[in-house]
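Please read through the structure below; I'll follow up with questions.
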Amino acid sequence: MQIGMIGLGRMGASMVTRLLGGGHDCVVHDQSPEGVARLVALGGTGSTSLQQFVELLTPPRAVWLMVPAAAVDTLLEQLTPLLQPGDIIIDGGNSHYHDDLRRAAALAALNIAHVDVGTSGGVAGLDRGYCLMIGGGKEPVQHLAPVFATLAPGAGTAAATPGRDACHSSADQGWLHCGPHGAGHFVKMVHNGIEYGVMAAYAEGLNILRHANVGSRDHTVDAETTPLRCPTHYQYEMDLPEIAEVWRRGSVIGSWLLDLTAAALAADPTLGGYEGRISDSGEGRWTVQAAVDEAVPAPVLSAALYARFGSRGDADFANRVQSAMRHEFGGHVEKPLQGPAGGDLK
Amino acid sequence: MQIGMIGLGRMGASMVTRLLGGGHDCVVHDQSPEGVARLVALGGTGSTSLQQFVELLTPPRAVWLMVPAAAVDTLLEQLTPLLQPGDIIIDGGNSHYHDDLRRAAALAALNIAHVDVGTSGGVAGLDRGYCLMIGGGKEPVQHLAPVFATLAPGAGTAAATPGRDACHSSADQGWLHCGPHGAGHFVKMVHNGIEYGVMAAYAEGLNILRHANVGSRDHTVDAETTPLRCPTHYQYEMDLPEIAEVWRRGSVIGSWLLDLTAAALAADPTLGGYEGRISDSGEGRWTVQAAVDEAVPAPVLSAALYARFGSRGDADFANRVQSAMRHEFGGHVEKPLQGPAGGDLK
Amino acid sequence: MQIGMIGLGRMGASMVTRLLGGGHDCVVHDQSPEGVARLVALGGTGSTSLQQFVELLTPPRAVWLMVPAAAVDTLLEQLTPLLQPGDIIIDGGNSHYHDDLRRAAALAALNIAHVDVGTSGGVAGLDRGYCLMIGGGKEPVQHLAPVFATLAPGAGTAAATPGRDACHSSADQGWLHCGPHGAGHFVKMVHNGIEYGVMAAYAEGLNILRHANVGSRDHTVDAETTPLRCPTHYQYEMDLPEIAEVWRRGSVIGSWLLDLTAAALAADPTLGGYEGRISDSGEGRWTVQAAVDEAVPAPVLSAALYARFGSRGDADFANRVQSAMRHEFGGHVEKPLQGPAGGDLK
Amino acid sequence: MQIGMIGLGRMGASMVTRLLGGGHDCVVHDQSPEGVARLVALGGTGSTSLQQFVELLTPPRAVWLMVPAAAVDTLLEQLTPLLQPGDIIIDGGNSHYHDDLRRAAALAALNIAHVDVGTSGGVAGLDRGYCLMIGGGKEPVQHLAPVFATLAPGAGTAAATPGRDACHSSADQGWLHCGPHGAGHFVKMVHNGIEYGVMAAYAEGLNILRHANVGSRDHTVDAETTPLRCPTHYQYEMDLPEIAEVWRRGSVIGSWLLDLTAAALAADPTLGGYEGRISDSGEGRWTVQAAVDEAVPAPVLSAALYARFGSRGDADFANRVQSAMRHEFGGHVEKPLQGPAGGDLK
C-alpha cells in the first residue's frame, strides 16, 4: 500500500528501505535532500516540500512521522493544515504518551486519526524487522496492517510460545495493537525502562568480574581506605569477551543485548573507546515517573536510570555534601584522585 | 569417556541423560534407588554404595558431584578416602567459590584434582545443552573436554559473534575454562546475580503495565492516601501475555527469560498460581557481597536481591519502625489491609 | 495581627492555639462545629459559614488554609468570590507546587496574593514550633512576618551555626522566604523526600540488628533456602530500645526522628501494634519525579519510597512474575508462607 | 581509675583529654613522641615503649587501643606477651566484629579479657562526649564503668525518652553494654551504615534543590539529550545555606548531621573545596554484607554505599559497557564531557 514517511534519519531511512523491499509505495520527505535522494535511488518517491509530499499521497493518506520527539509539535503545526478528514498520522518516534493523548484529541476534532507506534529494533531492524507497539483507534490500525506486517519481523523469527493461542493477535508476528491512544508509546516507554534495567544488570555483573583481581593490586594503607579483608579471594583475571561469549549458549541470561555486548567486547575487551557517559532518551525517566504515579516499586529500573545520571556527573554536588559532612564531624579530608579515571582499572 | 555422577536430582539426572546420548559411559549414584534405576534404564551403570560407585570407575576417575551446596562437605568426607591420587572431583553444583578454594587445597594435598563447574540451563538443559563455567587446573579441564563438549549446547546454537577470533577458546561452544580454582563458580555466581537483575527488570516493567489502569479504579479519599493527579493518564487495560509475546520479535529486550515469561503469562495472565515469595539460592547474595568487597557499585543487582527478601516478609520490622515513627510525629495511624493481597489488583 | 484559619484538624487547631498564645487575633472556620468550638474556648473567633468567616476579617485579609491537598481547589472556588483585591491566601498544607503556580496565577488576575507555606513539625509543633518554608511575593510575606515568627520555633531552639551571618534571613528563627510561588512547597516536598530516606535508614539498620540472631534459629535445609554460612556470627539478641537510646547521646546519628524511634521502642520493643503498611502523602513521590526531571540521581530517596509501596503489597505482581520465571526455567516451586508475618521474627 | 591508651591520633588524643578532665590517671603511648608529649603536657603519663607503657600500669591493667583497624593484629602480637592474666584489652577503633570474636577467643585462652567498644562522636566528642557501644564479658565491662561514664556525654545531654524505665541501663548516659564479644562493634557497624543512609538522604535532597533551576538553563537539542518537558517548573534559585538552616528548627528532619551540613554550607554554599570523592571506612560495607547474610532488605543503606563507590569512579567500566551496548544497537555515540565537572552546575 502507499505510505508517506517524514524523517529519514537512521531509523526512518531503514524503515522505508524495508517497506520498499516489501513492495510498498513510499513517498518520502526530509529536511535533507541527500536523505531523500538516497531513498529515491532505492525506489521511493521523493518530495521537496511538505506541500508536495502531501499532494503525492492518495487520500486517505497515511503519514508516518519518524522525527525526534521534540520536533513533532512543530511538524504537526505545518503538516496538519495540509491534510484532510480521513487521513492518518502515525507517530513512530519516542513521543511521551501524554503528548499522544493531547495530539490525538486535537486531530480527532479535524477527523484526522492519530496512531502512536513505539518502534524497537535499532539499526539492526532493517534486517531483523522492528517490534511495533501500537496505540489508537481500531480502524486506522487495521487499515495500516499491511505496513505493520512488513516492518515487523514475522512469526518465524522466534519459536512459538507453548500454550499460546496463535489466533489471539498479531503479537507473534512482532506487532501489536496495545490499546487506545498512547498505549503504544506507553508500552514502548516501559520496554525502554526494562531495557535500561537489563543493560545495567549485565554492566554491573561484568564490572564485578573485571574487578575480581582487586586482591592482586597494591592497596593504600591509610585511615580513609577500607582494607580488603581477604585478598586471596580476589586474584582472578577474568577474560570478559570469552565470558560474555560462553553465556550466549545454554545459559539463563542469553539475550540479544548479551549478543551485542559480546560483539563489543570482542572488538575491544577494555571498551577503551568509551568514556562511560551514558545518555538517556527519556523513556526510562517516564517509566519511573509512571511507576511512582501508580505507586508500584521500581527499584531496579530506577537504579539503572540513576546510574546513567551519575555517569554524567549529576551526583557531584550530592557527593560534595557528603564529603563536607565527613570533614565536619570527623576531620576527614578527601583523597586525591588516583589517575585519570578514578578508581577504575587501567 | 567414562564419568561418574553423584546426585540424580532434576539437574543431575538430565545431565546424565544428555551424556548417555552423547555416547559416554556413565556410572551413577544417588541416595534414592529409584533415581538410579531410572538412569540404568537409559543405559547408565548403577551403584548401591559409594564404595561400589568408586570401584566401577577406572582410574584416573572423574567424579561429578551434582548435589546441594550444603551437602558437598559431608559427601567429600565419605568419598575422598575412597579415591586415589590422579582422580578428579568435579563440583557442578552451586558451591560458594570460597569453598572451592578451601576444598581444592585440601584435595591437592592428596593429589586429587578439584574442578568447579558453574552449570546454567535449568530443566531445559537436557535439550538446549548447559552453559558451563569452569575453574581449576589446566590438565584435568583438558582431560574432561569431551564431557564438557557433550553437555554444552555447541557452536551452532547461536550466531557467531562478529569480529571474534573463533580459535580463542571453547566459549563459542558453550563451555569455558574461566581460570584457577573457584573461577568457574565465581563466574556462575555473577551470572546468577545478573539473572536476578534481568528478571526483576522484566517483573517491574510488567507490574507497571498491569497497574496502567489505576486511573479507572476508585480511590479512597483520606489524608493517608495520595491522590492520583491525572487519572486520565492511567486508563489502560494492558494485555500482558500479548505484550510479552510482541517483545519476543525484533525488540531490544528479547531474551530467553522473556520467552519463559511469555509462556507463563500465556498459561495464566494473572499468574494466580503464585503467591510471589521469591526464593534465592545464594549466588545473588554472594554477588552483592563480592561487589561490596571490590567496592564497585551494584545497585541493580542489589535491588533485585532485596526485592526477593522483601517478597518473603523480611522487611516487616523495618516497615513497622517507619509506621511507628509516623505515628509519633504526625499521629498517623496505619490503614487497614484492603483485601487478601494488599494493594495489588485482583 | 489578625489571621483567619480554615481547617481545624490536627495541624490547623494546634497552629491556632499557638497563634492565640502569641497574642494574635484568630478567626477560625471548619466543617465541624465542634472543632470551631474548641478554639473559641481558647480565645478564637468562631464562624459558621465561609461568608461569615470572611466578614469577620478586616481587609486586607490573611486567610490561612490548613486542609488536605485534594480539598484546596474546591475550597478556593467557594472562598475566592468572597475575597477582595489585596487579600492574601496562604496554603499551609501539602499542595503540589505545580498547583501553587497555577493557583497563584489565577489569583493574581484578581489581585489576590497567594503564599505557599510548607509546614513541618507534626503534632509536636504546638510546643516546639513549626518549621515554615515559604513561597510567594515579597510584600505579602513581609506582611505576614509576625504570624510566621509566632508559629516558628525561634532562634533559641538550636545553637547558632558557626560562621553563619545572623542577619542573612529569618531562617535561624525557623521560617524562611524560599523564593517565588511554589518555592515553599518545593522545599517542603524535598524536606519530606529526605524525611523518607532518613526514616528508612534507621528502619533498615534496626531491622538488621533485630535479625542479628539468625544464626541461633533453626533453618530449613532444602534447595530453595540459602544456608547461612557462619551461624556463629549471628548469635546476638539486641536490645533495640536501649540501642536507640544510647545513640541519642554523642553519636553521629542523633536526631529528632531517632528520639521518636526511641520513644516508640520504649513503649513496645516489638512494635507489635503496627502491621508495617507505611502510608505516603505524596511529597516523597513528587521529590523522586522532580529528581528525574532534573536528571539528578536520588537512589536513597527512591528506595525509601519504594519500600513504602512494597509494604502495601504493590510489588505483588512483580514478585509473581519472578516466581513464575523460576518455575519455568528451574522447575522451582514457591515455598509456603511460614507463619502469619512471613520471614519476620516473632 | 587508671587507664592506658595506645594510639593518640585525632580520636585517641581527644579521649585521653576528656578522661584527664574527668580525673582519671592516663598512661599513654603512640608511635609519635610529639603525640605523647602533647598529652603529658595535659597531665598524662607518657611512655617511650610498649614495655614501659605496660610497666606503668597497675594490674589488672586496662589497655585501650585507639588505632586503625588494620593495625590491631600487629599491635596485639607485640602487646599480648607483655600482659598478665586478669588484664583487659579494649578495642575502641573500628574493627570488624568478626575480628573481635577471633581475638577474644585467643585472649581468653590467656585469661586476658577483650572488650570491643564502638565509639561515635568524631572530633566533637571531646566536648560533646562519645557514644559508646560495648561488647564483651560482664565483669570487665562493669570494671570499666567509670571510664565509660566519663567518656560518654551523660544523661543531661538529651531529654529523657518518655515512657522509658530509667533504671534499665546506662544507655541514657550515652554508653551501653550491648552484648557478648563483637556486639559493640556490630552495633557501631550498623550505626555507621545508618549514618551513610542519613547523609545520602540529605545530600540527594540538597542536590535536587540545587538543580531546581534547570528550566532556566540552556539545553542542547539533539537526539542524545532528553528535553525537559516543563521548564517553567524548574526556575528556582534555592539558597541552600538558608534552607539547611531553617530545617534546623522545628522540622521533622532536624539532626546533628544537619547542623554540620548547615555549617559547611554557611562557610561555602558551593562546597567548592570538595571534589566529591567520598571515602568509606568499611562499616557501611559490612552492614550491607550482614543484611545480605541475614536476608533482610537494605536498599537505602546499599544505595548510600554505592553512591560512595560511584563517586570514586568505580562504576566506570559498567558505564562503558552500557555506552557500548547503545552504540551496538542504536549507533549512539557518547556525548563529549561538558566542562570539568560533567553535568553539575557551576
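The chains carry the letters A, B, C and D, assigned in the order they are written, with residues numbered from 1 in each.
Rule of thumb we're sticking to: contacts are C-beta pairs under 8 Å (C-beta built on N, C-alpha and C of every residue); 3 or more make two chains touch, one makes a residue touch a chain.
For clarity, every value in this text was computed on a predicted model and none was experimentally measured.
Trainee: Contact counts by the stated rule: is the higher one at A-B or B-D?
Mentor: Comparing A-B with B-D, the pair joined by more C-beta contacts is A-B.
Trainee: Please determine the option from C-D, A-D or A-C whose contacts repeat those of B-C, over half of the contact pairs being identical by residue number.
Mentor: Going through C-D, A-D or A-C one by one, only A-D repeats the B-C interface.
Trainee: For chain A and chain D, what's the span in angstrom between their mean Cα positions?
Mentor: Measuring from centre to centre gives 42 Å for this pair.
Trainee: CA centre of chain A versus CA centre of chain B: separation in Å?
Mentor: 28
Trainee: Round to the nearest whole Å and give the separation of the Cα centres of chain B and chain D.
Mentor: 37
Trainee: Can you tell me which residues of chain C touch two or more of the remaining chains?
Mentor: 122, 200, 202, 204, 207, 211, 226, 229, 252, 256-257, 263, 280, 285, 293-299, 302-303, 306-307, 309-310, 312, 314-315, 318, 329, 343
Trainee: Per the contact definition, I'd like the list of chain C residues that touch chain A in the complex.
Mentor: Its residues touching chain A are 252, 280, 285, 288-289, 292-299, 302-303, 305-307, 309-310, 312, 314-315, 318, 329.
Trainee: If you look only at chain C, which of its residues touch chain D in the complex?
Mentor: Residues 97-98, 101, 120-122, 125, 128-133, 152-155, 157-159, 161-165, 168-169, 171-176, 178-180, 182-183, 186-187, 190-198, 200-202, 204-205, 207-209, 211-212, 214, 226, 228-230, 232-239, 241-243, 245-259, 262-263, 266-267, 287, 290-291, 293-304, 306-307, 343.
Trainee: If you look only at chain C, which of its residues touch chain B in the complex?
Mentor: The touching residues are 9-10, 68-70, 96, 122-124, 199-200, 202-204, 206-207, 210-211, 221-227, 229, 256-257, 260-261, 263-265, 271, 274-282, 285, 299, 303, 307-332, 334-335, 337, 341-345.
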